[in-house]
Amino acid sequence: MSSEAIADTVGPHEFLRAQASWRLSEVAFWLAALLPFVLAPDYLILASQIAITALFALSLDLILGFSGIISLGHAAYFGIGAYTAGLLSVWGWGEPLTGLVLAGAAAGLFGYLTSFIIARFRHLALIMITLGIGLLLQEAANDASWLTGGFDGLQGIHTWPILDRYEFDLYGRTAYAYALAVLFLLFLGVRRIIHSPFGLALRGIRENGQRMPAIGAPTRQHIRTVYTIAAAIAGIAGALLSQTTETASLEALGFQRSADVLVMLILGGAGRLYGGFIGAIVYMVARDQFSGLNPQYWYFWIGLLLIAVVMFVPDGILGGLALLQRRVTISRPKDPP
Amino acid sequence: MPPVFGVLFDGIAYGMLLFLMSVGLSVTLGMMNFVNLAHCSFAMLGGYVTVTLMNALGWPFLATLPVAFFAAGAASVVLERAFFRRFYNAGELNQCLLTIGIVFVSIAAAAYLYGTDQQPVRLPSYLQGFIAVAGLDLAIYRLFLIGTAMTITILLVGAVEATRFGAQVRAAVNNQRMARGLGIDVDRLFAITFALGGGLAGLGGALAIAMLGLDPSFALTYLIYVLIVVSVGGLGSIAGSLAAAMLLGVSDMAGKYYVPAVGSVLIYLVMMVMIMWRPTGLFGRR
Amino acid sequence: MSENALSARGVNKSFGSLIVAADVEINLPAGVRYALIGPNGAGKTTLINLMTGMLRPDAGRIFLGPEDITALPPEQRVRRGLVRTFQINSLFPYLTALESVTLAVCERREAARIWWRPLTAYRDEVDEAHAILSGLALAGVCHRRTRELPYGQQRLLEIALALAAKPRVLLLDEPAAGVPRGESQELFAAIAGLSRDITVLFIEHDMDLVFRFASRVIVMVGGRVLVEGTPAEIAADPRVRAVYLGKAHQGLVS
């Protein structure tokens, strides 16, 4: 029987449960995430950076991939998280776990406040507002160099051992374990959100924002909620960065970072939960490999890549794979009854 | 004479440049709803054309301006026909990404061909220096800028209001489906408008070298200002672009002069307040 | 004074010099089936937009039962039972039929705010959505994505979404638009089967359907209500004929 025919005969509850259940590929992915400890112990610092960026991309996926909100300034929340954790450490409190929570809270608060503006706009106005928020924060952080350290960044961050036991080592083992654990936990949370009634409402907003009020949906309220959550997660990712690298600088909230994470998410495939992860892995491994390249030439290739993705695989790598899978399924001869 | 007049004068000159670089994007966005973030790459192209002609071939400055215009216009049309037209219904995100990709490529190309330094340009002697007007020392070049831009504005407005082409443009901006129904070849119209807008951007870029400088990051740096002008002024509106460009130019100059510590923050704040007050822009519809 | 389920009093709306609604007065008693007809551009859809809150009137009031809802945003009106469908399908392309209707049910039950519990825990909502789809013969395709459904079924889904909001007053904007003759009967059978608790106003061009389903017809022209009466009265009214004269060849009048 074709997969469509099977779907038609399955009861609604079973179908929804099957949709939300863990796939083998997901389990494989997370198990594979443990491999760097064994297979690539020299690259654990890079791995921790990838995990942090993946978390950031996941937060963008919540608002872009699942809710359809195009943001060119998402790094604002990442940066707030980074600086909150950094400043806490500079002021004497270097405990990482509480630092994470406080950074997430600070970024979440800023996200909540800005969400009132965000929720009211669409199209170009929305793009400009998100861009404006990011640029504003970037400028303000630059101007407030007494607080942020300006161009040089925060000096004197020192992260205490996690749970008083796990010190950050030079090889990045603790950093990667820490980042991966936080990523996994927050991923579980986001996965839950996606498969909740709220997640369905988000997709409704993405699919047809106009229709939502006509079915009684408080669209702006939904947008404010998801935006706040996404901002908090981005803030936690930023905090992870400053804690593991013991630096916090302006580029954490710059336009470049906002643009990079957007590229990564699109590359991997937005709205598929794992798109940001795939995109982050591919992008950052590539960047590491070509790190000797002049930054301008790097962006030449990224530019070409963007053009190619939009033209040929607008749903990213995961979207392309899904398309291939469907083609293979359809072209496979049907089994005899 | 209080410095406010000097700031105003510089602000208006700057605003005129921004207007030239923005008006094309405003009209094409209003007409086709196509988010072309690569618009400032055409401005940059115009700038580099002028630089090449002057420094490598010894052309006089004024002679390079029409070439910058046509080169940028031609490049616009080629890109539109070859690429952009397939994405008119592709959604804002894809349009943004596609055109950002083009921006990146253009910046890299400029860096490869010309290096990353500021491009020097020597203005002809009759455009250099100052002229005393009512107790103020006004830079001649800025007067020239304002004069040129105003002439172009008058020509533009005249074309849009008084010619058939202009009427068609207005119709297409107002209601594309209706315009098609009336038999207007909207696609051809769009290509021409796109070329004109790109050409003006190129001209703006060429004129901007002496005031704003030119290096490969131009395409991105001034994109932000252009986007502000377009979203504050309203899509599809020439008057809106002019008003917003003036507002932005003067605000930026005033901010940098009076409160340099928080200079750039001012324009972003102004932009956001304006957009929140009028989400479709000062003169936009919908 | 007996209450109307829905009424519009003195509603005016213009865009610059274009008047889309002029002193519109509509009263729908509870449980009726009224039709709203008129030439294209008469302002019928605009009126629905005004009544549902998608447009703000320049003057006038909208009442849902005893309540003045003129100041309420659209989603609040839906919560109070004023629901509409769209002339051109306004659906969720990548959501399945079941997901779409479940979403509407969840929104109604205020469950859509919940982000910490899985959708699979909301069995009642899913069951209700499935029941609505079954009632419209869509249960067999409920796991198909909306964009994969044929047009006629999409039109039915449009109604399913409206029903999920448990309407007291249902405004149908050309429900049979674009649906081939053979399938539109099924659609109207579904509407005919609606409970008498629901008040229905539908915009239609097909006079056959108007005669079959409406107890009363309101005619709008140029933003105004021209006349109101039973289908027979309207068909015989010379003013209505004059309005449609010359439009017969466009198939607007059978």
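A, B and C label the chains in the order they appear, each numbered from 1.
Everything that follows uses one rule, which is that contacts are C-beta pairs under 8 Å (C-beta built on N, C-alpha and C of every residue); 3 or more make two chains touch, one makes a residue touch a chain.
Keep in mind the model is a prediction, meaning the values are calculated, not measured.
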Chain contact graph, described as a line, ring, star, complete graph or other shape: line
Chain whose Cα centroid lies at the greatest distance from that of chain C: B
Middle chain, criterion being Cα centroid separation: A
Chain centre separation in whole Å, for chain C relative to chain A (CA means): 41
Whole-Å gap between the CA centroids of chain B and chain C: 46
Rounded Å distance, chain A centre to chain B centre (Cα mean): 34
Chain B residues counted as touching two or more neighbouring chains: none
Chain B residues within the chain A interface of the complex: 29, 35, 87, 90, 92-94, 96-98, 100-109, 111-112, 116, 216, 224, 227-228, 230-231, 235, 261-265, 268-269, 271-272, 275-276, 279-280
Touching residues (chain side chain A, partner chain C) in the complex: 4, 7-8, 10, 12-13, 15-17, 20, 192-193, 195-201, 203-204, 207-208, 210-219, 221-222, 225, 229
Touching residues (chain side chain A, partner chain B) in the complex: 64, 70, 72, 117, 120-121, 123-125, 127-129, 131-133, 135-136, 139-140, 143, 259, 262-263, 266, 294, 296-297, 299-300, 302-307, 309-311, 314
Parts of chain C lying in touch with chain A, wherever the complex brings them together: 52-54, 73-75, 78-79, 83-84, 86, 90-95, 98-100, 102-104, 106-108, 111-120, 122-123, 125-127, 129-130, 140-144, 161, 164-165
